[in-house]
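For reference, the structure discussed in these notes is given below.
Lettered A, B and C in written order, each chain numbered from 1.
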Amino acid sequence: MPGQTARIMTFKPRTPLPATAFTLPAEYYTSADVFRKEQDRFFHRMWMCVGRLEDLPSTGSYLTCDVAGASLVVLRATDDGQVRAFHNVCRHRGTRLCAEATGRLAGGIRCPYHAWTYDFDGALIGAPHMDGSPGFRREDFPLGRVRAATWEGFVFVSLAGEGPTLVEHLADVATRFAAWDMRTLVRAHRVTYDLTANWKLVVQNYNECLHCPTLHPALNGLSHYLSGENEPLHPTWMGGRMDLSDGVQTMSMDGRSPLAPLPSLPDDERRRVYYYSVFPNFLVAPHPDFVLVHTLWPSAPDRTRVVCDWLVRPEARDLGVDLDGITGFWDLTNRQDWRVCELAQAGIASAGYRPGPYSSREDLLYAFDRFVVATLED
Amino acid sequence: MPGQTARIMTFKPRTPLPATAFTLPAEYYTSADVFRKEQDRFFHRMWMCVGRLEDLPSTGSYLTCDVAGASLVVLRATDDGQVRAFHNVCRHRGTRLCAEATGRLAGGIRCPYHAWTYDFDGALIGAPHMDGSPGFRREDFPLGRVRAATWEGFVFVSLAGEGPTLVEHLADVATRFAAWDMRTLVRAHRVTYDLTANWKLVVQNYNECLHCPTLHPALNGLSHYLSGENEPLHPTWMGGRMDLSDGVQTMSMDGRSPLAPLPSLPDDERRRVYYYSVFPNFLVAPHPDFVLVHTLWPSAPDRTRVVCDWLVRPEARDLGVDLDGITGFWDLTNRQDWRVCELAQAGIASAGYRPGPYSSREDLLYAFDRFVVATLED
Amino acid sequence: MPGQTARIMTFKPRTPLPATAFTLPAEYYTSADVFRKEQDRFFHRMWMCVGRLEDLPSTGSYLTCDVAGASLVVLRATDDGQVRAFHNVCRHRGTRLCAEATGRLAGGIRCPYHAWTYDFDGALIGAPHMDGSPGFRREDFPLGRVRAATWEGFVFVSLAGEGPTLVEHLADVATRFAAWDMRTLVRAHRVTYDLTANWKLVVQNYNECLHCPTLHPALNGLSHYLSGENEPLHPTWMGGRMDLSDGVQTMSMDGRSPLAPLPSLPDDERRRVYYYSVFPNFLVAPHPDFVLVHTLWPSAPDRTRVVCDWLVRPEARDLGVDLDGITGFWDLTNRQDWRVCELAQAGIASAGYRPGPYSSREDLLYAFDRFVVATLED
């Protein structure tokens, strides 16, 4: 643990940005063609966080989600907790199998239209009246399988048939926050936001605090925007840390926390908050006493749903600890951020927009833009 | 009459479907291009049912409708009940002439903008201040005429300038249900449904009952899904019959009917319900004691309005017979059907959809699909 | 003043329309491509009326508007009342600077995101943390300037970088209504209407009264539709006058006015109402005792917002004169007009529409159509 902590602290120094470090042209935020390509290159190919294991409490529990135009059903398939994901589409006549956001299946997935039934491996185990069809074999019509994996209690899926494993995709992030023991945390609060803004504006907003003194005076009082440091962009993630000001326990309305620090956290980590983005949709912010997670769900160039979860130790939830100061603080901050994301979308979509220059404190954003361009040109 | 009944019973045996009998690719349900082509090949060229003669009770009565992007006015033009249809567009500056769904015109069709006036033959009989226009002749600007015809009290229109007559289009259906004397029936109830589903999914849902045990347990108790038989697809229609279970009088909440069987119906027809589709928008279901009619009004690949009418003997309506058991049953069944149609639309639009195999009890659907493909390729 | 009045009266005689004077094809009212081209040729290139100087009461007062896809901020920049307009887009990351419809800025325009700040000349005077950026110079990033000018208290902007001045664009209209002294008038009432109709249908409706006996019987009683006369179309404007009937004081519910005639108006102008359109969005109707102004804001081929202002002498507003008879009359007439504009849009968008012949009393409309075609082909 101390070794790991040391590694977290070896932030590399900022390198100056080139004089050509400008924001992206407007079409990256407004074009339907760019959006379609992003759906393929980012949301279809990469690992997407779709929920928590606690959303799948028992065998047969499922959640549904839409990833890059694909409706999926993600379920706890076995008593030992294996998670599987399938296209939420019957192989008979294409009917959506599970219509609810969450639920529990008893023994199989049964289509509501003609009762084709699949087991939790996706195998077709019932197909009424198909016996007379020449050449029909049940084994030819399993549910479409989608890769699923879990990490620290988070459930991820990837529509790509092959490619990096989830751990390979998470890269350094996979081990960096081991001390938080996020697997043991539970959701204490969730807020869902619908933004009229491109998903990349949310990522960009998340990865710089240059806007904090202007937009978040309360936040800036708890954690100064020039504190901490970023890491260079990596192929699948970027992030940085900020330091809590003296006397501040956590990010909350008054800087005080009703929660104890997470039990295995080293002392120096009790003064820091991390903000890491794992592309394309997973934003994780480990605090000393809880973890804040945003997942992003773009539906159009200018439409993004953001789901924000507050994860805490189960005993905090079970004891009914008053978390309003924590949830209220980040809900307020979220809304301040979404408002400027929407103003940025509106301005970039306006005929008067021209790419503008990044400052050196926006180095991650420039790196992210380059990554986006490279990925779309790939 | 007995002879006709015998002909109804000569259903041909099912022929096995080929091993390649799969559902259509997704674009047939999602593509704007396919939809535009369908609007032309099906809804513009074929006969569309737009209402009942009782909607046009006296000379000058009209109804308006939108067919394949054309707003039409359909009116009772003469005292002897002739029905005519025109483009609902003034020849002066294009103003919509009749804005209401139904109404009654006194003597002519007068444009609300500049008072250009047409008689019930569509001839321009008033055009204020046009006398000074060089070369202007009223006879050059009649309303655009659209073919209209009636059958058994139903009013149909066709935007095609030429082509089969309505009777030729109805083909065998024109005479098959003569014993129901549908001309004499009146509307007792109407429900309009707006579906987020392609119109073909509604047609397909209507023409198989393989889904009935799963989706409609009540219906299946009244009329077993394996009873009855289909006819092979014909160029402009398809259909089949189902038999009422022992002790069941009609399709209603409890299987009982407050209505007498239609008077001229032969005894054996009192045990059957027919489900016939005349392409593209007319679904007629003769019951022993009433007739259920659906008309389909697609407005987008994934949007269809369905208008459902319950037609009964006029004395039943006049006497205030309680029809709740009948209207409630089919309204419930409709809603069950629309829900799976919408789930099918959602699934087919999902990236995971692949065409799937039809069973032999879905033979009409496969034939319909082939007909759709052939018609669009025409 | 008498000389000017004489000039107003020298209306040229109507010239007969050619036999080919037909309305435009449907795509001019329905096509997204035509609409985009119109946005460029009309709304981007020409002068647009965006408000009144009274909307900018003191230094730093601003209004925002959307012109041809560009969000603009228009502000009173100096203590002596100079008006300037800028793209409402930060040069840093494109954020919309002013989110409200109107407001007042204290000393500068400050971006809500990262506090980039511009003075009222648009110069960038604050850019936190940009000092370390290689080659960054504030003078390279002023706000995008847009031409702004005022006339008779109206504020106009033009997105065209160069071209005619506002006075050149207003042409004869710039001086024709000097006797009304519109600069001194104030807004007594405003109604905003959202129409499902193309903006050109509003212009066309405004410039003929052939529809008045049919659509506006009350108006026709106050001012006969065959009274008055039009002028030939000029490159940037068209218009005409109508005469008040005997005993009528102004256009109001009962033809009476609670207002005195405007003080410097010659006697003969007290019997007339003018209806002038300055392309593309400014419709001004000087009455003997008030001025009615419509501005047009198209957002789609079939969507137009119309803002209608009633301008009166300030003493009338200050004394609380009851203007209901005047505002009610024109609000009623507006709604009658918008309804037929919407019916025209619906009819023209219908498949049955064919261009139709104009009468000689629609000569301005035909001229306007030719002007539209020529401008789009330019």
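Simple rule for what comes next: a residue touches a chain if its C-beta (ideal position, glycine included) is under 8 Å from a C-beta of that chain, and two chains touch if they have at least 3 such contacts.
As the structure is a prediction and not an experimental result, all values here were calculated from the model.
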Rigid-body rotation angle, chain B and chain A, from Cα fit (steps of 5°): 120
Interface sides of chain A and chain C: same vs different residues, half threshold: different
Chain centre separation (chain A, chain C; CA means) in Å: 48
Numbers and ranges of chain A residues touching at least 2 other chains: none
Chain B partner contacts - residues on chain C that touch it in the complex: 16-19, 21, 23, 26, 204, 210-211, 213-215, 339-340, 343-344, 346-348, 350-361
Residues of chain C defined as touching chain A within the complex: 44, 66, 68-72, 87-97, 99, 111-115, 127-130, 132-136, 141, 144, 159
